[in-house]
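Structures incoming, each one as structure tokens.
In what follows, subunit A forms one complex with subunit B and a second complex with subunit C.
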Partner chain A sequence: METATSSKRLPRNLILFTAIGVLLILSISMAPAGFFTWMRGRLNVFSTVFLGIFVEAVPYLLLGTLASGLVEVFLDRDQMSRWISNRPVAAAVSGAFMGMVFPVCECGVVPLTRRLFHKGLPLSAGISFLLAAPVLNPIVIISTAAAFGWGEMLFWRVGLSLVIAVVTGIVFSVEKEAGNVLRPALTLSIEHDHAEAQSNDSIPEKFRKALLITADEFFEMGRYLIMGAALAAALQTFISQSVLLTVGSGPVLSVLIMLGLAVLLSICSTVDAFVALGFIGTFSFGSVLSFLVFGPMVDIKSVLMYSQVFKRRSLLYIIAIPFLMSLLSGLLFNYILP
Partner chain B sequence: MTSPKKRKQHSDVRQRSSSRISEPRLGILNLSLDTAATGLIAALSVLISLTILLGEQAGVRVRVNIPEDGIVAPYHAITFTFSEPFNPGFASELISIDPVHEGYLEWMDTYNMRFVPIRPFEQGVSYTLKFEKGEVETKGREIKKQLTWQFKVREPLVAYLQADQTTSSIWAVDLNGNPPKRLTDETLKVISFNAAHIGEFIVFTAANEQGGIDLWRISREGSDAFLLLDCRLDRCTTPAISPDGLRIAYSREAAGPSPELPFGSPRIWVLDLQSRQNNPVYADQQILGYNPSWAPNSNKLASYDGLSDQIRVLDLSENTQTIFSSNTGGPVTWSPDSKMILFTTVEQAQGGPRTQVKLADLSINQSQALIGARDDRDYSYYSLAWSPFRNQVVLSYHGGADPLLQTLWLFDPATLEGIVIADQEGYAYNSPHWNPWGTALVFQQFKLRSTYNPEIGLWKPGFEEPLTLAQGILPQWLP
Partner chain C sequence: MTKRLYRSFQGLLLLAICIFFAFKAANGQLTWYINSRFVPLTIFGIIFLALLSQTVFNEIKRSRREEHEHDDHDHHHDHDHAPASLNLWVMLVPLLIGVLIPARPLDSSAFSTKGFNTNSPLVSGDSSTQIFATKSEERTVLDWIKLFNYEEDISQFIGQKASVIGFVYFDEALGENQFFVSRFVVSCCSADGFAIAMPVEWDDAAALEQDSWVLVKGSIDSIQLTDRLSPMIVAESVQAIPIPEQPYLFP
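This part shows the complex of A and B:
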């Protein structure tokens, strides 16, 4: 049955590819002089930006997947239920502070959160961990302090990230069924994982399994990282940052532009403070703060990775709530503090 | 990859397993996720709208960097931080200071502008800074009510070094007779220091455990010293902070290849306090230098090259160099406009060697003997200090019959007329420093042929004789 379908599709695909090829050749032949030079320049920019984002993020993805593998093998569900409170606010707060234990940025936090969900981590704690961990971890705190000093930028970045993550976590705590929030691919593996956890493997065998899980997850999530990095690079290549910066004056627009830049640039939270430092003076404190708070929670690559964990509607809430809270924070700073 | 068969098995267990995630839930309200999330989104949207509405009505806000107690440094640059991008032309029309004070407005970036005083704010005067209401940008955004701030200049301190056989520390004393205060920790053996023109910090040198000398920084309040530059085995000495407070010039002697070998010759380096870049001033290794001295405009740097017996003046903005012969290695003093320097040199005359004070005009690259060319004997002119605003210079020289005795003479370099301001019998005076207003001098004084007990002296116009402030050496103003 499947073979028959494939053999029917083959000519269609061929026709499609041929049509695209013909269109491409026609476009190229009709392209104005200088187009190829321009395109070559754009492609150079694209590849540089893409590699910049990808190379920066890959070690953290590896770290996250490694943590995920270790969690899978060494952490059982009973331990998880002992550690996490069964009160929603407490669970969300403890989830937010888990970043201090698992120092991962937004690339690594997704596979780890997914694994923790497997292990029975409550939704509220998992969501707040997912959103807060990229900021509430020692590496990011130190890098922010290195860029801005141990002052108000660091304080507000950490404080607001914590508040936004906890509030979002609490909102998700009202959901009775995890299956309504998480994608089926996630929930179906829970039983399988539980069965694996009962095996009495030796320590070397456990490490071997952890590494196998790490490799599997790394390649699985890596695809979305590549797609996200490519998309972010394409947008950065064809949407001029200087245009955004020119537009971005005024207390409202400046925050919106910085939130947009946070998504567009898709910079790892471990280094984004140094990029943000360059915006001080051009953008207000509130705008730069909103960039530092929202960027680690939501950007192009992380959204693509989230989409592998959460259902579409939940994903929308995970984007919208931090966006609006970051916007509100930026506006309050712009209007209340000079 | 999961096979279709396995997928079916998993989907069977899904119904059972999904409820295994124990979910702590808000028990107060029985809401669905959609209701809770959309409710929050709606509430946030309302809050955002209200913030924008109220914020737009409030107008542009301005904050200035004047402390709550209104006490500022004499050269305090007043920074205005706007809540929105502003137009410098519009904004500058709305700013005034009463009484009027000489300075200029400098646009820093989209949100910041500052007033930089050319002269220090006067002591004892209460200033009122006003920002009138009005438009501050082209789109009509305005400051809706007049803003005023009051400020006064703080009392200057005098920083100095006090050393005995075991310790060497920086101390500070005020002019009101209060007891001096130690600024540096006893564990640090301070060798030399320089107080910033703006008075906010001090850079000092202290020996390290490797045998080198490091650069340290401390605030005017003390107790927060931190290592500014780890020179390891090298000796970093004679720091000089640029008047704008952004760079430090110092003399650096590289350690020998092994501990028993001597240090290399001194060369001038500059450490940028913002970028932390630290580089030698001259790429040519044959150019030596010590005793760096900044021009008041912070663009020129003078230093003494002992190898070629020359004073080198480097214009950092134009990267040009001017050279004057000098064989004393004594300090250089700058005219207030940064166009001239005074220095000493020894030249052979018919009666023997005579120390001369030379005036160098940097605009024409020429120097001429100002004092000493026709002296009947050698007066050993040494310490020089040009007043920051007046055409007055203080000079130390051996005035009396006693060859060790040093006198301080205050004179006008245009007319060479002046008065002796410190010449107590049996005393030697040197290392004079003017306060930022050019109204008082501190210097080092000690009684000859008695126990070595150096003191810090103060002189102001009208003083019959110097006032002793404290016991110590190398005084500098900490405004």
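This part shows the complex of A and C:
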């Protein structure tokens, strides 16, 4: 199946690439002299920002896919159903806290969630895990505390992430048929012909299979990480952030701008607290909080990675519910604590 | 694409990314992309990528051996479905960008979208006591801007000796014998970098090149650029230096 679609896709891509190439050459040959200096500058910004996101994210993606590989070989479906309840609220809450056991950021959480769904994790638990784990995990809690101290910012960041994740999880528990939410690749077994886990495998054999799965998923998810990083870098290369920052006043607009910035910057949740620290002083508490809550759930690269796991309609809910709830909480804070 | 061909490319690409990162780590250019705090994580990544590519190469050997055995039994199995080959080609993108586009840290070409600050509102609000403890010649551009931002009485700094490094940026806001010495401040990776700049008064300013790195020595003065006073250096010497190993400041 997959080979058939990819071989069909290749010629079409080739035509597309050639067309883009020809257009590029044509437009470059007609460009004025100043264009090249300008272009070199843009190219420098693009490549440095792109590689910055990539270099930063690769270790985290590796850890996430390793966790996924280990889950595949060491965890079986029976254990899963023993640990996670099938009642929606209980499942959503326990899903949200699973990040304390699997410390992953928003890059690593996607392959892991997909694997857990494959192992029979209920929808509500998986979705609240997906949204909460990038904040509710020891590494992020410590890095947030390092940036803001053990105070209100940390408390509200963790609290709101938990609430939003659980609510979104519960919303999805209405859907009984996982096939309506998840992309079909999941309901089929993900084929790793030589890497299928067998319970009678020896421990080194299990690790070998886990590493092969890690390698495969690193490529599969890396593809979306790279596309997301390229998009984020392109936006940073051509869209002025300083305009955003200078118009960033007013209780409503400042929250919207911080939410937009969270999506645009696409920084890993393990380090975004240090970035957010820089906004304190320019932006209100509520706006920075909304950045810290929304960024780990939705940004350019994570949305591209989610699109591998969820069908389009579900993806829309996964973006919209956290967006509206982060916006709302940011606004509430701005009006209560001006 | 057969599974084995996929695996071969996969192993090669893993190795290539591993070597690319290792190369960047060896020549000190990792900090052109990320905060030095995260370098150990990248080192872990390099080791893990090497392990993964080794595992993939072993798997190729193993499948070849297995096929050999299967041939003996005249037993073909035809379930060699490889994942989408697009996964592989996309992984080439960072390598191509890294190899083909000459590496340069962020410079003034990023100002048009990222902007720059002379009295940074984006600087985190930690206390300036630590900066007071550092000798004035050891303070960075960021330290000076923070001091001017947080201290009520800036007259105490006027005339203090300063020695800072940064890249040259010419701006219309300044006079002909002036330029900015600028640095990017990076909390996490170059994606969140923002620039800070400090004006320098130097009679030979016109001889300098945009974005070239310099060591500026002189004494502190103040200048009105926005609604607040910004620190300025009246230079005694401006010396060209190579791009430093850590071009960014890590707050």
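Throughout what follows, the second predicted complex is superposed on the first by the 306 of 338 C-alpha atoms of A that agree within 3 Å, B and C clash if a C-alpha of one lies under 4 Å from a C-alpha of the other, contacts with A are read in each partner's own complex, and residues count from 1 in each chain.
We adopt the following convention: contacts are C-beta pairs under 8 Å (C-beta built on N, C-alpha and C of every residue); 3 or more make two chains touch, one makes a residue touch a chain.
All of these numbers come straight from a predicted model, not from anything done at the bench.
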| Which holds for A:Phe218: it touches subunit B only (first), subunit C only (second), both, or neither? | second
| field | Which superposed partner A:Ser284 touches (first subunit B, second subunit C, both, neither) | value | first
| task | Considering only the touch criterion stated at the top, classify A:Leu265 as touching first (subunit B), second (subunit C), both, or neither. | result | second
| query | Between subunit B (first) and subunit C (second), which does A:Leu62 come into contact with in this model arrangement: first, second, both, or neither? | reply | second
| query | Which holds for A:Val275: it touches subunit B only (first), subunit C only (second), both, or neither? | reply | second
| query | Can A:Gly95 be said to touch subunit B (first), subunit C (second), both, or neither? | reply | neither
| said: With both complexes superposed on chain A, which partner does A:Phe172 reach: first (subunit B), second (subunit C), both or neither? | reply: first
| task | Go through the superposed model and pick first if A:Val49 touches only subunit B, second if only subunit C, both, or neither. | result | second
| Can you list the residues of subunit A that meet both subunit B and subunit C? | 191, 194, 281-282
| Sites on subunit A touched by subunit C in the complex | 1-3, 5-6, 9-10, 13, 40-45, 47-56, 58-60, 62, 66, 191, 193-194, 208, 211-212, 214-216, 218-220, 222-223, 226-227, 230, 232-233, 236-242, 245, 265-268, 271-272, 274-275, 277-282
| task | Could you please specify the touching residues of subunit A with respect to subunit B in the complex? | result | 77, 81, 84-88, 90-91, 117, 120-124, 167, 170-181, 184, 187-192, 194, 249-252, 281-284, 313-314, 317, 320-321, 324-325, 327-328, 331-332, 334-335, 337-338
| request: In the complex, go through subunit C and note every residue touching subunit A. | output: 1, 3, 10, 13-14, 17, 21, 24, 30, 32-35, 38, 41-42, 44-45, 48-49, 51-53, 55-56, 58-59, 62-63, 79-88, 90-91, 93-94, 97-98, 101, 103-107, 109-110, 112-115, 121-125, 185, 187-194, 251
| request: Using the touch definition up top, name the residues of subunit B that touch subunit A in the complex. | output: 7, 10-11, 13-14, 16-26, 29, 31-37, 40-41, 44-45, 47-48, 51-52, 54-55, 58, 61-63, 81-85, 108-112
